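Okay, got some structures for you below.
Two complexes, one shared chain (chain A), two partners (chain B, chain C).
Let's turn to the complex of A and B:
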């Protein structure tokens, strides 16, 4: 069952609850390690004026993830069932080729020099629980969808958009 | 039933076989491998030598037995004596010949040792294959290597220096070029790396090429340099570069460019039905438009994927190569993005001890080449933005730029990425 870890930017308030939950879930030491999830609130300026953009970003779990073929030790792989980009860093050599391949700057490295990143809380999912970030998101901006549900939600959003434009 | 052959079974050959099956090819796939082992990653040899990886981890796609079974391959171990594109024939050294409907040449590259006196010295080592790794490791485990000269200030050379220093071996790093990483690093960045290496106890002998090796009667070897000097040591490790393995092809059988087999965007060579991928193939350099072999693991994989799809009759294209490197050694990361040889204005954006070094060449407000030291986190974003620029993409995402800002990237560099600098 293919899954999507989705962010609705219209609902995100950049409160940071997701990042804290992620660090807690993954035992990240904020003094020495980078979190798997980052929260942003930046101003977008254009001719129409200034707009605040809020977002919470982690691994995009790209369909054609460039980090997967870039890893010389084959530590990264697409999960056949969920479509998430998973890793087993036992043979990670800390070469940082994955960091170079990722256009979103996602891979981080633990104190042993081995790559770590968001795996969509695959263990929680396997036990019927939501990812930690989704569970705590107070506005419902972060959601996990099945492929079917994702298409239904995004399809209706597109229709709404068209109606608004009309 | 159609019969395809893959000559050379490294990263590109494996990816081609997998891609053939994924794209619906049900015919015979014959794989020729001189090692008779699973595909190895040359990049992992220094880690196997250092004992940081077990030898089996040097074969990231798993065992040959599993690969053969999963992909339905017919494997022919042993050396090939001839690949004839005109006849679509592969001839092995044992004398067996077979004709195929399509061929992939993925013979890779080998360590280059220039013809010179003493090149076969028992104290000389190369670092390309698992055999090389095994041989050097066995020598180091004897425990009597106290000094070494590493010839070639390349990405491989520096990893060899690192593993030798970790064993307490006195090291001299030598290169004909005046600075380390001559194909990738700006002189200023190279000078900083060299300063750090010297501080870590590595002796540098640059601007002098190797002219020969002379075995010493008391053991070890003398490395003779082009300025007439020589360095005595227990072992010499030659990391001078690589050359594509193309001796199996009759001269003129396939068009070549800059040493590699010239291929189009589908990885097809000048002979229809014959494909090439990996370190033996010359693909378009995205920045210059000129064919160039850029030997990188991910490139070889992607090229193999495209070759496999093309051979199976499914349209796929290889966009081209962007010259880039990332190497982590002795507590630093050196990253180079883009072609260092392209003309442009050289600018220093940041020089922070223990923080971020960022320098670039630009032309008309566009990036040409970027050097980054000590800030691997930004390498992927900068690479992505450079690719976007090459593809004529629009303004970069503000969230990515914010991520760069948080990593300490200079505002002037971000303005350049935003297209606000001409």
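Let's turn to the complex of A and C:
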């Protein structure tokens, strides 16, 4: 069952609960490591004026993920069932090819120099639990959708809108 | 990676990993929330937290702050043992001592002050949080001191007083039946996350939302109408809205005639606030004021949600708040379906639809001496409505010794950086004969104490809570207390046994106190402990609507008082008003500075040293408008000097479209950018004694470097 981890941009207030829950789930020390999920508010200017836009971003789990073929050690792969971009960093040589290939600069590197990133909390999902960021989100902005549910949601509120903003 | 390694890495609770889920609550912020927390525990240590899905209040949700509970409880600067000061006050030099040594010294020193200066010369103070306050207040009274006070001297209490002076009771919005929702200074996303869902549902069913706020908050993005007023001018705006309502004949004169008092005096005050005057004072365009008036008065049942405290944190905050409340009576939206419904507090600042004996417990041993509480003479309105001292007069009384000396301070969780003119409080703390401070962490305040005692967090103790749904909850510890820490309630009990042995109920401790408080109900501590989750209190009932319309309000006149009988008795203007001298809140300076405007990742000073939360906003930054940034040629990260009549500091800026030009917002509690020090000690609302944190005249100029690299 293909899954989408998506953000309703109209509900996001960039409160950062998702980013903190992600750091708690993944034991991230932000003084030394890059978090897997980040929130931000940016002022966007258009003909109607200036508007503060809030968003929460992590790995976009691209359908055609450029990080996968970029890795010389074959650490990254698309999960056949969920469609998430998963990894096993045992063979990671720390070459940063994945990070350079990623249009969002998502992959980060831990203190051993090995790549880490959001895996959609795939083990939690397999045990009937939501990703940590979705579980905590106090405004209901972050959700995991099945493909069917995702198509029913109007795309104008999706995180894909970030692509137009950037 | 093996399957077991994958399970461990994902922290899946199951027999294979040995991870168990235990239920507690988050005690980082106010009793309004106190969300249920699932603690994932492995080998006696919390390894992850989540909201409790079965909890009837938060339904599994947590906010930014609550999600950081693990790092909060394991902060590296947790106090580990009782300590005795060996350096000079404020220097921070301490040596560890045993609990018995600490208790012996506290007893000896407090007893000496009581003997030589009288028990009132010992002040008892509670900062955050509030869970043990019932015991602390009784302890102060049993000790013989009239001086029990709290940080509520700057927080919720002025809001409560405005209601008490006007209607006799606090009242909450009946959102489910309202057509119009007025959020006055109210933005739940960063301070009350559990209310966001209700706001969303209200909008989805077609309700109309009016937000009054100087900032463009996330709630403003949901609003049908936003009045972006200058900070502190709420009273002028509310009176201006009232004038439009009256001029158009939209007032509910049937309600006004039957159920209110002092309408003619109020109407006379309202007449001063025509749309032009209102625009001059508040900066809000006349057409928006008129639209708001029409929405409130003609849009069907309207209810109002104000923030807990910011509206009252202005020089005219108390009267501003009363001017806002008057709109409910003017439009007949008090105590009716879809309006604001009176409630009564059950326990620990929460209304849960049933009565307890909390008040009897806390006041049974109140001393009968003739000394007045700290601040009683200076703030008579405060003293009339509040059964505690006004902490904004504490440092003055310590320094001046009038009307009588205060020589010792017993404090729990006291936050030095909360106080205006922080240096004045520092001088006062230096002057004390004896100061004991109980806290979780080393703070700028503990550094002044003679004895410091380590408290534990909500994860390490059991406690009683009530929720608006009528639920009662008694938690159990999910981990052992860290280091040598003890619960605040246990510390108070230990000291009561030594200092007030004649108060046998207090000496029996926290659980006995709760059983006393619950004695008229079918629940008890033992019974509540049988449940892992909150249970419905059988005696809980939803608020009864319309009772004040048949039986009258609990005010001296029995009416909704536009003109307050009790305020008149205190010699204060009884009619909501906005004074001439605040027509320009910035005074002689160019900007209005507001301190403590909420950030999602901070609460007071307690979270600045939590790395996960600090990473969301690593440095103190003043939020300024894009227009002011452009005019002063400032970019994000540039440094400015902020100067007020109280002092100046340098801090980086964050230009944002969410800020009104002419205003500057800086969060408080940073040690190296202590913005509350920019408020003079007497920068207070004269009625309540509340600091005017949210509006002080300020100048801003570009400067080379911030005062401190990290706050």
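Definition applied: the second predicted complex is superposed on the first by the 153 of 166 C-alpha atoms of A that agree within 3 Å, B and C clash if a C-alpha of one lies under 4 Å from a C-alpha of the other, contacts with A are read in each partner's own complex, and residues count from 1 in each chain.
Going forward, contacts are C-beta pairs under 8 Å (C-beta built on N, C-alpha and C of every residue); 3 or more make two chains touch, one makes a residue touch a chain.
All values derive from a computational prediction rather than experimental measurement.
S.K.: So, on chain A, is it clash or fit between chain B and chain C?
M.R.: Pair status: fit.
S.K.: If we overlay the two complexes on their shared chain A, which of chain B and chain C does A:21 touch? Say first, second, both or neither.
M.R.: The answer is second: A:21 touches chain C but not chain B.
S.K.: Kindly classify A:73 by the partners it touches after superposition: chain B alone (first), chain C alone (second), both, or neither?
M.R.: Touch partner of A:73: chain B, not chain C.
S.K.: Between chain B and chain C, whom does A:138 touch in the aligned arrangement: first, second, both, or neither?
M.R.: In the superposed model, A:138 contacts chain C only, not chain B.
S.K.: Figure out whether A:124 sits in contact with chain B (first) or chain C (second), or with both, or with neither.
M.R.: second
S.K.: Quick check for you: in the superposed arrangement, does A:13 touch first (chain B), second (chain C), both or neither?
M.R.: Second partner only.
S.K.: Just checking: does A:88 make contact with chain B only, chain C only, both, or neither of them? Give me first, second, both or neither.
M.R.: So A:88 only meets chain C here.
S.K.: Which value, in Å, gives the least CA distance between chain B and chain C in the superposed three-chain arrangement?
M.R.: Here the least C-alpha separation of chain B and chain C stands at 10 Å.
S.K.: On chain A, what residues does chain B touch that chain C touches as well?
M.R.: The overlap between the chain B and chain C interfaces on chain A is empty, containing no residue.
S.K.: With touch defined as at the start, can you tell me which chain B residues reach chain A in the complex?
M.R.: 15, 41, 43-44, 47, 52-53, 57, 60-61, 297-298, 301-302, 324, 326-328, 333, 335, 376-381, 383-385, 387, 398-400, 402-403, 407
S.K.: Mind listing the chain A positions that touch chain B in their complex?
M.R.: Answer in residue numbers: 34, 38, 40, 42, 44, 53, 55, 57, 66, 69-74, 91, 93-97, 99-109.
S.K.: Residues of chain A touching chain C in their complex?
M.R.: Listed in rising order, the residues are 10-11, 13-17, 19-21, 23-25, 28-31, 35, 39, 41, 43, 50-52, 54, 88, 90, 121, 123-124, 127, 129, 132, 135-140.
S.K.: Name, in rising order, each residue of chain C that touches chain A in their complex.
M.R.: 1, 6-7, 9-12, 48-51, 60-64, 66-68, 70-71, 189-190, 193-194, 196-197, 200, 216, 218, 221, 600-601, 611-616, 626, 656-658
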